[in-house]
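To start, the structure under review is shown below, and the notes come after it.
The chains carry the letters A, B, C, D, E, F, G and H, assigned in the order they are written, with residues numbered from 1 in each.
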Amino acid sequence: MKKVYARPKVLKKAVFHYCPGCGHSIIHRLVAELVDEMDIQDNVIGVPPPGCSVFAYNYLDVDMLESAHGRGAAVATGIKRANPDVLVFTYQGDGDLAAIGTAETIHAANRGEKITAIFVNNAVYGMTGGQMAPTTLLGMKTTTSPFGRDETTEGAPIKISEMLALVKGAVYIERTAVNSPSNIKKTKKALRKAFQAQIDNLGYSLVEILAPCPTNWKMSVLDSWKWVDEVMAKEFPLGVIKDTTGL
Amino acid sequence: MTKVLMYGNSAIGEAAIRAGCQCYFGYPITPQNELTEYMAAHLGRRKGCSFVQAESEIAAINMVYGASATGVRVMTSSSSPGISLKQEGISYIAACQLPAVIVNMSRGGPGLGSIIAAQSDYFQATRGGGHGDYRTIVLAPASVQELADLTHRAFDLTDKYRVPVLILGDGMLGQMMEPVEFKHTAPSTPPVRSDALRGAKGRSSKIVKTFTSKPTELEEINWSLFRRYQLIKSNETIFETFMAKDAQMMVVAFGISARIAKGAIKSVRANGLKVGMIRPISLWPFPYEKIKQMAEKIKNFLVFEMNMGQMVEDVQLAVEGSADVSFYGRPGGVIPTPSEFARVISRNYFQKGLKIAK
Amino acid sequence: MKKGYIEINQELCKGCEICMEFCPKDMISPSDKLNASGYMPASFTDDGECTGCAICALVCPDVVIEVFRD
Amino acid sequence: MISKTIFAGFGGQGVLSMGLNLAQAAMLEDKSVTYLPAYGAEMRGGTANCTVAISNEEIASPVASSPEFLVAMNSPSLVRFQNQVKSGGVFFINSSLIEANVSREDIDIVEVPANEMAEELGNLKCANMVMLGAFTKKSKVVSLPTLIKGLEESFKKKPKLIGLNTTALTNGYELF
Amino acid sequence: MTKVLMYGNSAIGEAAIRAGCQCYFGYPITPQNELTEYMAAHLGRRKGCSFVQAESEIAAINMVYGASATGVRVMTSSSSPGISLKQEGISYIAACQLPAVIVNMSRGGPGLGSIIAAQSDYFQATRGGGHGDYRTIVLAPASVQELADLTHRAFDLTDKYRVPVLILGDGMLGQMMEPVEFKHTAPSTPPVRSDALRGAKGRSSKIVKTFTSKPTELEEINWSLFRRYQLIKSNETIFETFMAKDAQMMVVAFGISARIAKGAIKSVRANGLKVGMIRPISLWPFPYEKIKQMAEKIKNFLVFEMNMGQMVEDVQLAVEGSADVSFYGRPGGVIPTPSEFARVISRNYFQKGLKIAK
Amino acid sequence: MKKVYARPKVLKKAVFHYCPGCGHSIIHRLVAELVDEMDIQDNVIGVPPPGCSVFAYNYLDVDMLESAHGRGAAVATGIKRANPDVLVFTYQGDGDLAAIGTAETIHAANRGEKITAIFVNNAVYGMTGGQMAPTTLLGMKTTTSPFGRDETTEGAPIKISEMLALVKGAVYIERTAVNSPSNIKKTKKALRKAFQAQIDNLGYSLVEILAPCPTNWKMSVLDSWKWVDEVMAKEFPLGVIKDTTGL
Amino acid sequence: MKKGYIEINQELCKGCEICMEFCPKDMISPSDKLNASGYMPASFTDDGECTGCAICALVCPDVVIEVFRD
Amino acid sequence: MISKTIFAGFGGQGVLSMGLNLAQAAMLEDKSVTYLPAYGAEMRGGTANCTVAISNEEIASPVASSPEFLVAMNSPSLVRFQNQVKSGGVFFINSSLIEANVSREDIDIVEVPANEMAEELGNLKCANMVMLGAFTKKSKVVSLPTLIKGLEESFKKKPKLIGLNTTALTNGYELF
């Protein structure tokens, strides 16, 4: 018999430090598969800021530059401007991209930087222990919204992808999830397109990926995977948000 | 080369381009705008180069970080409040041992303060305003010519030691014009660093980062930085002395106030006061040794700064109690005059019982 | 008439049970012993029904499944 | 010897280019020179000024705390700066716009009908060069030929203006 | 009051609430999250109080600035990289003479570094990492009890002097539990500052600002700050001495390393080494006078820090060459052990030729 | 005869430092008129960050707190949270609000802070001498876009008001101009409504005001006023962008 | 039959000419003399046509016009 | 005298609450005590550990560089920490999960079948309290009554659990 599924080559032989059932490791694997399939391992620079995925460089066998919290888009801009032939992606959490990194993200997109953001929305600050994120759902209890997120004082979950869709420099924005076989496949397709948009020099691309964080959601793994569809995707609808790539 | 009349700010830009600076990332703030504008006009469309007006100082310093990691020569500039915002980024650059040139044309503070020249950012520059035990090389020019020369040197130093270099100027130097001669022509091919991240072509993949869950790993980084700092201290301490030979009192001043002090010293010398000056050009590393050595013979030091007393601590550290250290400062953007300094010198000189040369 | 089979690296498996949830043939179940990391790893019951569809590998967060097919 | 001059007037009177041209000439004569424009919030008041220091030695400070010369192109400038000038200094006054009503007695006053002379040349804009010519004659900080040479440099990209401005400079120079 | 077992981070929160803190603005960062979380749970729904998880450290410090101007007691907290980001804001708060309490539970740096305790932000804290000549009062607790006590004191000091107060703890203090006793109960009515901006009701309108186009105006602000700083220096310098009486060698250490050093001193004392300690509790103002005075008799100082040598400069400034100053440091998040310190003390003690008590 | 137009009481007797024909001074006056008319002079705190209008406190006779560049929304949040009964407004330029202050603005709006932003869009960094702003039009020459703003490297003008309209906490957003009698009147109406939305505790309100900057546009005053309609308003269409106030 | 008139504070006027552009009755024109700040201020020609409509005051950036009406 | 203990095991074995309850009891006995959980990136590995230091004097460092006691609830914990323990120290081993295969000879080993004893009580979750009881008996750092008193405090909000856990504690205590 033939091996039909094996660990991608670009995925280093390290054990993921992620919790059981975490979405990050799936997304890492998808990126690795794509880099393998697109044969670009020697021409990629990844930018992981702090977040549960700060150690992404332990897993992905491509050049990587750690960024300060929230500044991934600026760091990627610097890399790309200095080195326009390389494929540059950031790998950012929702706290990172949609809170502290709001300005950097929006302006990199607005300038049409030829970079790709892999935006992992798990509705929570994972790494620091489950604080409220700007994407935390209303009523959701976190360590800094112990009574549940309250719209009157904390606002509603922010939809940064929809906001980014308004800037001209952003050419491809899709929201996907990694909580089922079909969603995982769609995510990979979206990532491929986002990379292609960059390779074709079209502008800024972003894939927002709804990802389970069973630990901080205080759910079983299975419940957390279901919750992505049943609750989260109601607030953050899946699908292409913007596509002017013509791809 | 002939001389040209140029703004200090523009001279930095021209010198940077001639040093092979390929990327500039900045954000407007007075009194350094002419530099950003110079780069927009002269670097923006240069082949292989890039100018970006960032959305903020924070974005700019992080662009510097990204670009530097790929091996290009890169610069940013700002003025006091903007430099405060860059502190986290500078700490990252220092931690990852990436070369970068950062210009602070400083202004009156604290807070929004004023847009007039001041020297109140000495501590921030020399003690690392960011978190962690890092240092940056700090160069303090006193003329437009020196702005150009030290800018060139800054690029060489930062590449050599992989420690960020800060040019600590001030609004006055930046916004005045003086004749300047550029001693280099821009390189036709920019220097390339072999350690750069450019994709794992022909080699295994590389990581540039500091985060670790093992304290000893971070300790190792820290000590390796420390050893480099020691090397810089012994190799790169620069200063100028002026009329120091027979001096009974030494003025210590840097940048624009050193220049003003020089005028003052000339005038008190005319009256027979034996006063000299040492001007630290590298504020870090600071010329502790030289001043210590001077203090063996000269027992009176007078520190001039356009602030409330910052470098004076370094002078005290240098003399270790073996000489008297006085201070005169004007904070907040007030530019002292040579005659004001001359009066302060005279008063101090006689107060300490020093004698006039016959 | 075996069409496929899988290999699970049980020492690296975190026992999240995702593969079990999604295997269309219900071929995977929790093992009866903790691994060294303290997880109850997945174990493959090779009763010949596995189609080698690789869904288990597609969803496995820890990339510990390899799939073989005719 | 160091000489410092403040040039001041309304925005639009070409005050900064007077200073620049003087500085340029001083550089051509291999002197030390600094040029310092007033900047910042002051910029928005509709007035402009700059300071030029020229010396054979290094210049300590580019700031004119007590300059030798004041070139005032309008009344408010005269009012604002007159008390700063060193005793024994000189005021150059654009007499077309200023009724010299100077309270200080330790100062020489040179009146230059700059606007009128410029109008005679058919272009009010060159009043500044008329004034600069007159300033140069009296102050002797640089020579007329280098000034003209510098001006040719400055106007390299607008060669049409060289003739007019040279004439203005010369007319001012020859006023006295 | 009875004791409760609490995390250091939570103890700060409880102490702040009891000191009448009405507003807290923060952003998550390890190792201080328990404080933010404590405030979310205990301040958020308190009457007349407000808790906001800001979008960044910069937003948080500027919220502090806004709230403080209206006269409430207000606090923010972070850890090293986040504190770097706050530098501009701290400079503004200092410039506008607004009270605020800022907590830095510091961690290994530079860069992203580590989330383990370190003391590498001493310079930043004591020399003003932001632009301009300002100072902040810096308090360095060494136990959970002291975290609580000094938090209370911080609020009083900042209101009294209108100078921001920084509490410089570290990740270890923040994330360990110890018994703590709270000596105050929360005030039923919060204190109100008369100078606050609350709309021009019954008075003419007021402005809080620093920007000026007149340097002398800014100079005036600076000197008025300076005079206040002098006052603080003479009134608020605090330190602890330990076994100092007959000591032939003094250890100088702050915060968590002082605590570890104490253990070490106890053990070398048992062997007859005459070693004592001075622990600066206020890092600014630093106990220069006290150390100087000690240096008249004691000729050997040994500085312990969890960094590459920062406070050691202050000790050198204090002794002015009149005593020997040695340094032992572990940067990057390595926590030294009491026995490690004890070995260093012994080696140093005998190396300097000091004698054992009989 | 009766005086039918006199200087508003809340406008101090200081001479504006603005250039001739500048839009800032008109907006100051409108704010002053409104504070007079709504009789709230003793219950207002204004927040002017640096920008040409940094000296706004010299003109408006209300409590004022200078803010750091871009941080107006955070400062205003602090004020309002500590002091919910006061009317708080920020007075921000386009560089301030739409570049460095992007994150603070968006998140204050998203939290639904009860504050009002007076957002003066003059397509340029006025105070610092005419650098490119995120709102600078394509092709426009500024001191940092000396060859004209180029979409491929600098992106297109950002429409932050439209982006803000996407967040739930923002209840009223209108774009107006101060370049003609009718536009000036509309601006005043919009400002009144924005203040009212705050007084009624509805959420975040913002009025974006297109304002001429003849100096940095290097135009005559009249040309600059015309340019607002003829060019700028084509890119930034005037009108209500969002209104969920029910007012 | 005068309906209105205006008063311009010429010393504070910056000569921007905006009032002149918008006055429906063309009642305002540049004066012939610079003021102390160097601007050519607006001047009101009171020939009885002014309606006191206050448009000039509405648009004047420097708030230097006062309007009077019956 | 200072005593330090590392409690270690899988996440979910109640390792942190063992430490906390011990610390609580020490506080009730008016001792100096510090409790330090392992945190950070380690958190995600599925393991957990904490250190408790108890003394009659001030405690210098809350870190267990060479603790007297190691309480290991599973094998990996034993492997990871066994070399840190002071010579003459004691390992408390959850013998239900660990085959005591200790290489050190300078250490006392106390085997506690904690899981089995907990299962006997009908709730695997209280294995930690069984272990804590046994630990207390052997280590003598606190007394059983204060431990129980502290436990009553901790479970104030879930009074139903007090009985079970007290029994578990006592059973552990009485094992030897």
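The working rule: a residue touches a chain if its C-beta (ideal position, glycine included) is under 8 Å from a C-beta of that chain, and two chains touch if they have at least 3 such contacts.
Bear in mind that the values here come from a model prediction, so they are computed numbers and not experimental data.
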Query - Minimum number of chain-to-chain contact steps, subunit E to subunit H - result: 1
Requested in this report: Using mean Cα positions as chain centres, tell me which chain lies farthest from subunit E.
Outcome: G
Query - Busiest interface, counted in C-beta pairs - result: B-E
Report task. For subunit A and subunit C, let me know how many angstrom lie between their CA-based centres, rounded off. Result -> 27
Query raised in the report: For subunit B and subunit F, what's the span in angstrom between their mean Cα positions?
Result: 38
Query raised in the report: CA centre of subunit A versus CA centre of subunit B: separation in Å?
Result: 40
Requested in this report: Report the inter-chain centroid distance for subunit C and subunit D in whole angstrom, where each centroid is the mean of the CA atoms.
Outcome: 87
Report task. Find every residue in subunit H that makes contact with two or more other chains and list them. Result -> 40-41, 45-46
Query raised in the report: At which residue positions does subunit A touch at least two other chains?
Result: 18-20, 50, 54-55, 66, 68, 99-100, 102-103, 106-107, 111, 129, 134, 153-154
Report summary line: In subunit C, the residues touching two or more other chains are 14, 39
Report summary line: The subunit B residues in contact with subunit D across the complex are 3, 5, 30-31, 115-116, 172, 175-179, 256, 259-264, 266, 335, 337-339
Query raised in the report: What residues on subunit E touch subunit B, complex-wise?
Result: 58, 80-81, 83-85, 87-88, 91-92, 94-96, 106, 108-116, 118, 120-121, 123-124, 127-134, 209-223, 226, 307-310, 313, 316-317, 319-322, 330-335
Query raised in the report: Which bits of subunit A are touching subunit B when the two form their complex?
Result: 41-45, 47, 50, 54-55, 57, 61-68, 71, 73-83, 86-87, 103-104, 106-107, 111
Requested in this report: Using the touch definition up top, name the residues of subunit F that touch subunit B in the complex.
Outcome: 50, 54, 66, 68-70, 95, 99-100, 102, 125, 127-129, 131-132, 134, 143-147, 153-154
Query raised in the report: Residues of subunit E touching subunit A in their complex?
Result: 27-30, 33, 36-37, 40-41, 44-45, 52-53, 55-57, 81, 111-112
